[in-house]
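Chain naming follows the written order as A, B and C, and within any one chain the residues start at number 1.
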Amino acid sequence: MTLLTVDGISVRYGQLTALRRASISVKEGESLFVTGPNGAGKSTLLKAIAGVVPIREGAITFAGTAVAGKAPEDIARLGFSMVPEGRDVFSGLTIDENLRVGVGMRADKDAAIRDLETVYSVFPMLAERRHRPAGVLSGGQQQMLVIGRALMAKPKLIAIDEPSLGLAPKVIDDVYATLLKLRDAQGLTLLIVEQSSARAMLTGGRMVLMRSGEVVLEGDARELVRGDALKKAYFGYGDH
Amino acid sequence: MVARKSVLARTISTPIILTLILLAVAGLSLWVNNGIFTRTIVEVFIRVMVVVGLYTFIGNSGVVSFGHIGFMCMGAYATAWFTIPPAMKKYSLRGLPEIISHNQLSFSLSITLATLFAGIFAYLFGKILVRLSGITGSIATFAMLAMINTVYSNWETVTGATSSIVGIPRKTDLWTGFAGAELAVIVAYLYAISRSGLALRSARDEAIAAAASGVDIARERLKAFVVSGMILGAAGALYAHFLGVLTPDAFYLGLTFISLSMLVVGGMNSLSGAVVGVVVLSAIIELLRTLEKGIAIGNQTWALPHGTQEIAIGGVMIVILIFRPSGLTRNQELSWSGWPFSERSSRQKSSIKDGVSEGASA
Amino acid sequence: MTEIIQIIIDALSLGSLYALGALGIALIFGVMRLVNFAHGDTIAFCVFALLWPSIDAAAVVFAGHLPTVLLIPLILLIGAGLSVLSEIIVFRRFRKANPATMMIASFALGFVIRYFLLMLYSSRPKSINLWESLGESIGFLGARVPLLQIVTVAITLGILGLLTLFLKRSRYGLEMRAAAENFTMARMLGVRANRVIMLAFALSGMLAATTGLILVTQTGTVDIQMGASVMLIAFIATVIGGLGSLTGAVTAGYLIGAASVLMQVVLPLDARPFRDAFVYGAVIVTLIWRPNGLFVARSAKQRV
């Protein structure tokens, strides 16, 4: 079952075209790895799906609903959970409060309390500090917190922008291990954006490559990383 | 120097067109040839000075000032001190130094001194205030206005406190009003094309880039602040000689609101916007004022209730801010080569959108 | 000693008024970066609601006759209603505008409200006696203190307590604090923007109503300008407290109240009429020294 379809969307910031007729689709329970050089439009793609930046053309369907033009909170309420780049924790709120922000849109408040304990068991370092302000956490812990926070919203799909940015390799491994566990155990759908394609080896699944606002290559993640079509497309040789 | 000359050549049509507009306004007054209407037109000229003065700081620096009417107050009271006949001010304004209370200066000398007086205080306040930007800067100018108003409303022996002071020679006529407005436009224009004006506007649009290229924002802002304060001081002085009577509350929130709305409606970032805003809003105000007084239809008099004027202006201002935040002129200058309503440059667009829009979208 | 108690009570009650005003402005600034110049006129509007519209010099008391248990909720409701209406009709269209544009728009809206009152009630101040018994003095720790001052301080502390409880313990409070820090992120977690913003406006309107009721009980007059001076100080308190910080706004409100009362005592007799000028001067100096306010909000720091 296709959970998310992005069909030929374009986004412009003033004179600058950030996305040009980009299309992707994600099936339920799979992971899609989106990679590409700086400025390829990867973050814009996620923001457009989340409803944070307006699209000029094209259509976006999530969980059977056309979401283009909808408010971010309405898209979130359909089960699209976004973890933006730069780990936007609410630094003045406690860790516990951060995790509970997204619970507001859930009908099953009792289950949410159980989920909170599950998140704490997945990320024990958060449990230890649950009543401290989130601002005191390190970068890696903040990344855990925002993933935990996204999970608390009980999403169908989590979209993560640059989960490994600024993190130590060991921490990145932990983050990915957690994500994959959630995918395989709970059927969570993942949409991961990374500038480096190296981690696609870990996730497996499908992968797309973006450059200059367009989707230029699509295929099986592990195969693409092993071959050299990816490298060529990434740096832009071969198509002239 | 060569570069400066070419700036002059490229932009000279703007002050010429604005002069023509002012002349047309004066001509209208001559044509109607009615004492009350002429007084209205003189008031329009004084408003042109006020709003052009505001533009000189707000338009060039991008910092919205709520405080400049304070300098108008200073200019007005200064010229009152200098020109009220000594026989009167000896009793009404006992606290004035002897050299002022025993003498009476000529109209032109007094206006000049009043302008300088406002300029000195603009320098002193500006020295502190120009270091603040954005909302903090705006609130600080508001504090300045309140401060000036408090002093003028309470200094019994020097300003007459809240009671009005009388006896100011009513010397401002149509042509002095025109001269004042014209001079204000020329000064504002010259400042806008000066090195300082250009630097300040580039800093307004691209603060970081301008700072990196060595623009001392605080210093350039101070220059604009003083020039603008002096224009307002002169406007205040002419206004005093127009009214003949002064109270401090004439120079407070009400006037700040009306003048800021004129600037906003015209287009905050352009000199032409300042003039156009005054002309358009003054016309609306005049129309509403007439309707508030009442017009006779048959043997019935039909009048709008008091307050309609301000409510309408507030409404116009909000509507303009929603649908055309760059004002009637779209922040463009009037010129031969490009009529603002047809031309839109990309440079100007960036200046409207410079603020961070952190707010949510509906 | 009794003099010192009197000064402390004076400072606390003046500070309470400023703190309530500042809180009303800071709440809205927190969620939509709007410096709401219409707040002062909302205060005046709530007070005028006590009277029946009439341009006569004598006040025609209307809602003011209601028993207290009905009067207070009614005025609070009027404040919240006007404030929410301002949001729906005007401010909603400025969500994407820059803060300076929004500020000017609120300035214009304030004038519209003010002249609407002028239209209905004329610009003449009117007198009204509300809760006259509060004007009496009572013995308090050996000093004679007007009951109203004690009540003002108590009510303010009560409101601060309730608001803190609301923000810290309730679902909406949590959403509001999250939205104040990072609105976009909060929305991506399903927080409904319109609801949070309208709630902030409603709370702010109720604070305006409270401020208005305290003011009118203190002065006994109703005047279309009555909100302006409190609003001005309230703004200053919000900026000094660090834009976006509620605690900062309240603290700065009390600080300014204390500074005003102290100056009234310390300044030589000749300079006392200029007390407010000294307060404004002190404010400007403070801003130069700490442009981001005394207590910088975390969210503000993040944004710069």
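In this text, contacts are C-beta pairs under 8 Å (C-beta built on N, C-alpha and C of every residue); 3 or more make two chains touch, one makes a residue touch a chain.
The structure displayed is predicted, hence computed values, not measured ones.
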Inset, instruction - Return the chain whose centre of C-alpha atoms lies at maximal distance from the corresponding centre of chain C. - result: A
Inset, instruction - Would you indicate which pair of chains has the most C-beta pairs in contact? - result: B-C
Inset, instruction - Give the identifier of the chain nearest to the protein's overall CA centre, each chain being represented by its own CA mean. - result: C
Legend entry - Inter-centroid spacing, chain B versus chain A (mean Cα positions, whole Å): 52
Inset, instruction - Report the inter-chain centroid distance for chain A and chain C in whole angstrom, where each centroid is the mean of the CA atoms. - result: 42
Legend entry - Interchain centroid distance [CA atoms averaged], chain B/chain C, Å: 30
Inset, instruction - Two or more other chains in contact with one residue: find those residues in chain C. - result: 184, 187, 193
Inset, instruction - Pull out every residue in chain B that's touching 2 or more other chains. - result: 361-362
Legend entry - Multi-chain contact sites of chain A, meaning residues that touch two or more partners: 71
Legend entry - Partner chain A, residues of chain C touching it in the complex: 171, 174-175, 177-178, 181-182, 184-193, 297-299, 302
Legend entry - Footprint of chain B on chain C - complex, ascending: 32-35, 90, 92-105, 107-109, 111-112, 114-116, 118-119, 122, 179, 183-184, 187, 193-194, 197, 228, 232, 235-236, 239, 243, 273-274, 276-277, 280-281, 283-285, 287-288, 291-292, 303
Legend entry - Residue ranges of chain B touching chain C (in the complex, touch as defined): 62, 64, 66, 128-129, 131-132, 134-136, 138-140, 142-144, 146-147, 150-151, 154-156, 253, 257, 260-261, 264, 305-311, 313-315, 317-318, 321-322, 325, 353-362
Inset, instruction - Quick one: which bits of chain A touch chain C in the complex? Just the residue numbers, please. - result: 50, 52, 71-73, 76-77, 81-82, 84, 88, 90-93, 97-98, 100-102, 104-105, 135, 149-150, 153
